[in-house]
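Just below sit the structures, each encoded as structure tokens.
Here come two complexes built around subunit A, the first alongside subunit B, the second alongside subunit C.
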Partner chain A sequence: MTTRLDGPEKVTGAALFPADVVRPDFLHAQIVFTDQPHARLVDLDVEPARAVPGVVEILTAADIPVNEYGLVFRDQPVLIGPGNELTAVAENISRWEADQLCVVIAENIEAARAGAAAIKVEWEELPILGDIDTSLQSTVMLHPENGLDTNAYHHLRIRKGDIDAGWSEADVVIEGTYEVPYQEHAFLQPEAAISYIDEEGRVTVEIAGQWTVEDQEQIAHALDLPTEAVRVKYPAIGGAFGGREDMSMQIVLAAAARKLAARGIRRPIRCQWSREESIVGHHKRHRGRIKARLGARRDGKIVAVEADCYLDAGGYNYTSNKVLGNLHLCVGGPYEIPNARIDSYAVYTNAVPGGAFRGFGAPQGAMVAETQMNKLALALDMDPIELRLLNSLRDGSMGITQAEMPLGVSLPFVIDAAANAASEEFQVGELRPVATLPSEESAIRRGRGFACGYKNVGFSFGFPERCEAAVELFGDDEVERAILYHGAAEVGQGSHTALRQMAAMAIGIDYERVETVYSDTATSGDSGSASASRLTWMSGNSILGAVEEATKKWNDGERPARGEFRFVPPPTQTLDPVTGAGQPNFAYGYVAEVVDLSVDIETGHIRVDRVICANDVGRVINRTLVEGQVEGAIVQAHGYAITEDLQVKDARITNPRLSAYLIPGIDDIPAEIRTILLEHPDPRGPWGVRGMAEMPLVPYAAAVVAALHDATGVWFHQLPLTPSRVLAGLTANPL
Partner chain B sequence: MRFVDYLAPTNLDSALSAFAGGKWTVLAGGTDFYPARVGHPLTEPVLDISGLDELRGISVTDDAYRIGALTRWADIKAADLPPAFDGLRLAAAEVGGIQVQNAGTIAGNLCNASPAADGIPPLLTLDASVELASQGGQRVVPLSAFLTGYRQIDLQSGELVTAVIVPRQVEEAFSDFQKLGSRSYLVISIVMVATVIAADPEGIISDARIAVGACSPVALRLTELESELRGKHRNDRALQHLPTRHHLDRLAPIDDVRATADYRFGATLTLIRRSLRRFAESA
Partner chain C sequence: MKIALTVNGRKVGGELEPRTLLVHYIRENLNLTGTHIGCETSYCGACTVIMDGRPVKSCTVLAVGADGADIMTIEGLARDGQLHPVQEGFWERHGLQCGYCTPGMIMAAVGLLEQNNNPSEDEIRHGIEGNLCRCTGYHNIVKAIEYASAKMRGEQPAPAEWEVTA
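After this line comes the complex of A and B, so read on.
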């Protein structure tokens, strides 16, 4: 077995995370949030802060050359306040409680905080659009610069077949309205970074992120610099899950380093968020509401799907339009659906922005699609597995967007694998206590649920997807060693190990003979993001290309032989604005899960006794890492489905603490996870690899809901299934 | 550089004389002290009593158990105590997680006086008192009187809690503790119920004590229910149906991030009934 590259350092504590990097002459930065979900800045006076002993500099909007930021479109001021007016966004309006107002830089953190406290600021409060409904009904536009007369700023449609004909053909119709909740990433390492001017004069940020080149471009844009003048480097990263996709402190710290340098101060600056700042200060998995209808013939064939999906985007888009797109594709389920009408909306509000989070819209979609399917199976008195197999997408199937599915549709295989394992190996076992409460046997009900799902691999909807790698081969006759240069972020998932393994496989030398240089824009190219289950898939292809290039030069006698390669997958398309037709993706991964649970009907506690997860990974590069991803995804899904309850009141998060926002602990997670890895090659994946790390999160909540129904006879349409909610549901629907 | 006064006495007398002379904040295991100060520099003078070994440990006299103020939850969990302390020991095993139990002390839990303090309900059912010492002398206050309100205690300036005193009354009684939270460990209680129930050899309940935490500013004994239980037979089938909503009238649970008030009422009754059933089965 291959030792994990970053393992020894992390186990011994030698690995340096951004907050561990220490320089003797550090200055300390405190980022000041506006603390205003919606307000206009009337007056900002930072002079009292300058007077605080130890305060060195204060950064305000006027210090950001181009005061705008956004991963997809630039709808967010970097700092709120009077700026240079080089952006269409009103710079003096706070639209989120964690909009950033200024940065206080001081000799020590106490002085920086004292400076922050001394700032005088006057706000004119504006109406707070705290949720989707309020925002849809309001005449107040949060982003008037987009010219729309609604806060539902992004609308996607699907019009497929003849929906009326579909309904008239339907013998059974299932309807439901689902509320899906926020989820906080809760990565181990809260945001932290250092910034400085490096030896070549580049403004440099060392931070934990997911995509060095994207961070670099965002900084360069706001600072109005050529990208080469900006350097982004990743030390050890303590988890990401999509939560580091957007900017937190990258831009302001880079701007601060430049402002100090202009004054002749060349000292590195450090900044570190507390857990509360982290939870308040970065985006979440979207909350939303989805109304869905599903129609089928008596024989089980699906004939119509309708859905109206609303996602709360929060104050800024972040990646909401893309997450919405993915929900849009998933809400009907991975089935052959002849007739469909789907309308999906992203809605600006003053709540915390929604954004990337493992699964990227697919978990919300699967919660709806699979619960609808499970209800349909019941209404038809049909086995839920049989119902899926009857309707499953297959090679040659048209997807919901009227494009042929990329080859390698393995949904029927994962469904079979999970179902077989459930019937053969998993007999009902011994009764275990629910939660720590020694429960009363008479109050325990048990149930089993099934759900499946799919999730795209790589960026969708016409995004110019790419991945670069460089490889150098050394030796005389034979290749003796090699160096791989790659931008890929090691967010804890093991990518640095898997990439090195793939380089060794491609060159045909031992793993030990491959050196790696990672995650620094000064040495590596554009890897694309560590997200969308894409990194192994895309990087493997880039490595294969780079090795091929290097080998050509090697054969031409070059020593060392260096090969560079930019891998570009088949192009994807934006969806037709009226019909939603188009090819949104170039690859998918498929997964199916069976959940066995116990519920205490007197307290509402749920215990998941067993999970079977059948995940088609195409080709296992590193079994330990892959199994770790499956188990980690299920644990995270368990929190989403059952324990994690982020509360937002008047657009403010009221429980930004891990003592009140409960991620599952070791005794809460499923008692047993059985991982079944299938290896049906993706025809375009390197060595057949598929993306796999988000998929097991996707169907879990729906499988839990189905198992809970099996146990109690009650359907739940809202997550998370906290004791309070479960008991209220059971009381309202007596057994 | 800023300095704060920090004193770590090694015996009680020097602690009390220092304490009499100034305004000190007491630090024991620190598991409430530090979390309350995250992000704020320490400004107040600190009297660290964690070195007062004489305040650690459990001893027995003819008429009482004396649990030293610095006795940690891990010590209590492992202690050899009679059945009436089962509830307290179960509570000890539910305070935070193992790390917290290795540091957190019984007096710290009482002095922090959170409505959700897990140590309080079982100690209320043990009729515990708090022993306080100052340079001027000593006094002993019933726990129910020591806890004066939401996070408020009857602690005079210059006073330290030195011990928790449990009278030797119903040592062999059945005792239970149930904590209900949304997670197994490291969780603030939604509600907890502690019980101590003694029965005579015929099975007639001679003494019943039931305390509920996290449903009022200060954990409460359900005295009305207790007196209705007295005189009933342990196998009386009606026992579990006895507790009803009106027995909870003095509770005032709130809606908060953890649960609704309604849920708390329902869960309290469920937990009491479960304890009564276990009591019935314990003979």
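After this line comes the complex of A and C, so read on.
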């Protein structure tokens, strides 16, 4: 078993996270948030801050040459204030409480904070569109530059088959409206970075991110620089989960280093966010509302699906249109659906932006689709497993977007594996003692729930997908050692270990003989992001290509032999605007879960006793890393389903603390997680690998909802299932 | 104010602002940045160090409160290039992913094992309930500590599941 490459430095404290570089010549930066969910800047006076002893420089909108950014489209000013007027988006309007107003750079952090406090700012308050409903009803447009007369700025449709014919064929119809909540990433390492001008004159940012080249390009765009003039480097990254996919302090710190350099000050700048700044200052998993209808014949065959989905995008798009697309694909479930009508909307509001978070729309979709399926099974008096197998997508099936599923559809296998493990190994009721629940057995009810799911691997909907690798082979007759150059971000998932293993496998030498150079735009190409369960899949393919190139040169006698390769998977398509037809993805992962839980009907406390997760990973490259992803994803899903309750009032987050936003601690987690890894090769994956790291998060909440229904007879349509929500639901529906 | 204390066996000290937190003193003044900050409000445990034999969250202690104390941080744990059994356990049993919580987890585990060299699974869970991890799901952390506890008692750690099934 190959242990983690980064293990020794991480267990000795030697690993350097972005905040861990301490240099005496540092300057310190404090980023000032507008603290205005919706307001027009009337006047900004930074002169009082300049007068604060120790303050060196202040960065404002005027210092950002092209004051706009955004991962998919550029709808957000880097800094709010009068800028250079090169942007479509109005620069002087704050649309989010954590829009950034300016950056104070000082000799020490106390001076930077004092400077920030001295800034004088006057706002004209604008109507706050605090949630989806308010925003849909308002005549105030948050982004008038897009020319639309609605804040529902992105609309996706599916029109498949004949929906009216479908309903007339339906013997049973299930309806439900679901409220899905925000989720905060709560990576343990709050945002931090340093910036400086490097020895080759490049403005350099060392930060924890997910995609070096994307960070580099966004900085270059806003600073109006060629990309080569910008360098992005990742030191150790303290978790990401999608929460570092968008910019936090990359652009402003790069701009600050340039501004100081222009004054002849060549000192590195350091910036760190507190936990509160981190929670307020970056995007969340989207909250939303989904109204769904599911129709089936008496024999269990699905004949119709309808859904209206709304996601709260917040003040800016981030990746909302893509997350919406995934929800759109998942809300009907991984089933053969002959007739469908689905309308999905992303809505601008003044609340915190929604964006990437492990699962990327699929967890919201699965919560709806799988709860609907579980209700259908009950209405038909049919085994929920049988119902799934009857309708499951298979090789050759048409997906919901009228395109054939990429080959290797293994949903029936994961369903079988999870169901078999549950019935063979565990009977409901034979449980370990439940330590944290009160001892009166009478109040405890137990239940079991099932759910399954799918999620794409890699970028979707025509977003350009690629992954680059370079490999150098050294030796005489035989390859004695090799160097792999790769941009892949090590966010904790173990990519740097797995990539090195794959390079060794591709070259045919020992793991120990492969050196690796990672995550620095100065040495590595474009890996694409550590997201969408794509990194092992895409990187493996890029490594195979690079090794093939290098081997050709090796055989031609070149020493060392260097091979470079850019892997491009089959193209994907944007969906047809009217029918939603198109091939959105080139690969999928499949998962099924069984949850056994106990609930105390007097307190509403849920304890998950056991989770069985069957995940088809195609080919295991490193078993413990893969199992670690499953366990970590399930515990995050547990937080999503039960404990994590982000409070937002008038578009402001009111509990941005780990003491009030409760991620699972060791006392909260499922008592037992049984991981079943299947290896049905993905025909396009390297060595058959499938993407896997998001999948276990996808069906968990729906499985919990089903188990809770099994235990209490009550369906819950809203997450998280906190004790007070459970109690309220039980009181409203007496047993 | 002037303080003098021992950190990882080394005498350190000097003048500092009375309101400096121990965690900042350790990180900024001593440049021992293995002790991490995840919340600064006593909730996550990333800043755990051993102070006079007991694990403490160093963001809850003023540096002046550590005057005269004997402190060990993650950097002081390995001896002569030999990993401490708890460090070895976290590596061998995959008790870490991003590694940000890891130094605090390890110090909490070291503190636990110093009090109780043969903890039950429940006692291990209790020993680290003040430490958050967002990556691992905790199961491998428990296994890592069980590994260390066996090693420290001079026993052979139980084989990992993958060693049994492989």
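Odds and ends about this structure:
Heads up, the rule we're going with is that the second predicted complex is superposed on the first by the 725 of 735 C-alpha atoms of A that agree within 3 Å, B and C clash if a C-alpha of one lies under 4 Å from a C-alpha of the other, contacts with A are read in each partner's own complex, and residues count from 1 in each chain.
As a convention for this text, a residue touches a chain if its C-beta (ideal position, glycine included) is under 8 Å from a C-beta of that chain, and two chains touch if they have at least 3 such contacts.
In this text, all values refer to a predicted model and were calculated from it rather than measured experimentally.
Looking at the shared chain after the overlay, A:A728 reaches subunit B, while subunit C stays out of its contact range. Using the contact criterion defined above for the overlaid structures, shared-chain residue A:R623 touches subunit C, although it does not reach subunit B.
Partner contacting the larger number of subunit A residues, of subunit B and subunit C: C. Legend: residue contacts after superposition of the two complexes on their common chain; A:N655 is shown touching subunit B, with no touch to subunit C.
In the overlay built on the shared chain, the residue A:D395 is in contact with neither subunit B nor subunit C. By the touch criterion stated above, A:E200 is placed in contact with neither subunit B nor subunit C.
By the touch criterion defined above, A:E548 reaches neither subunit B nor subunit C.
Contact with subunit C, but none with subunit B, is seen for A:L16 once the two complexes are overlaid on the shared chain.
Legend: residue contacts after superposition of the two complexes on their common chain; A:D667 is shown touching both subunit B and subunit C. In the superposition on chain A, A:Q647 makes contact with subunit B only, while subunit C stays out of contact range. Judged by the document's definition of touching, subunit A residues 274, 435, 659, 665-667 lie at the interface with subunit B and also at the interface with subunit C.
Residue ranges of subunit C in contact with subunit A, taken from their complex: 27-28, 31-41, 43-44, 46, 73-75, 77-78, 83, 87-88, 90-92, 94, 96-103, 106, 122, 125, 128-129, 131-142, 160, 162-163, 166. Across the complex, subunit A is touched by residues 38-39, 41, 94, 178-188, 190, 257-260, 262-263, 266-267, 270, 274, 277 of subunit B. On subunit A, the positions that touch subunit B within their shared complex are 110, 113, 274, 435-438, 440, 602-604, 643, 645, 647, 654-655, 659-660, 662, 664-668, 722-724, 727-728, 731.
Per the touch definition, subunit A reaches subunit C in the complex via residues 1, 3-4, 6-17, 19-22, 185-190, 236-241, 274-275, 435, 491-494, 623-625, 627-628, 631-636, 657-659, 663, 665-667, 669, 673.
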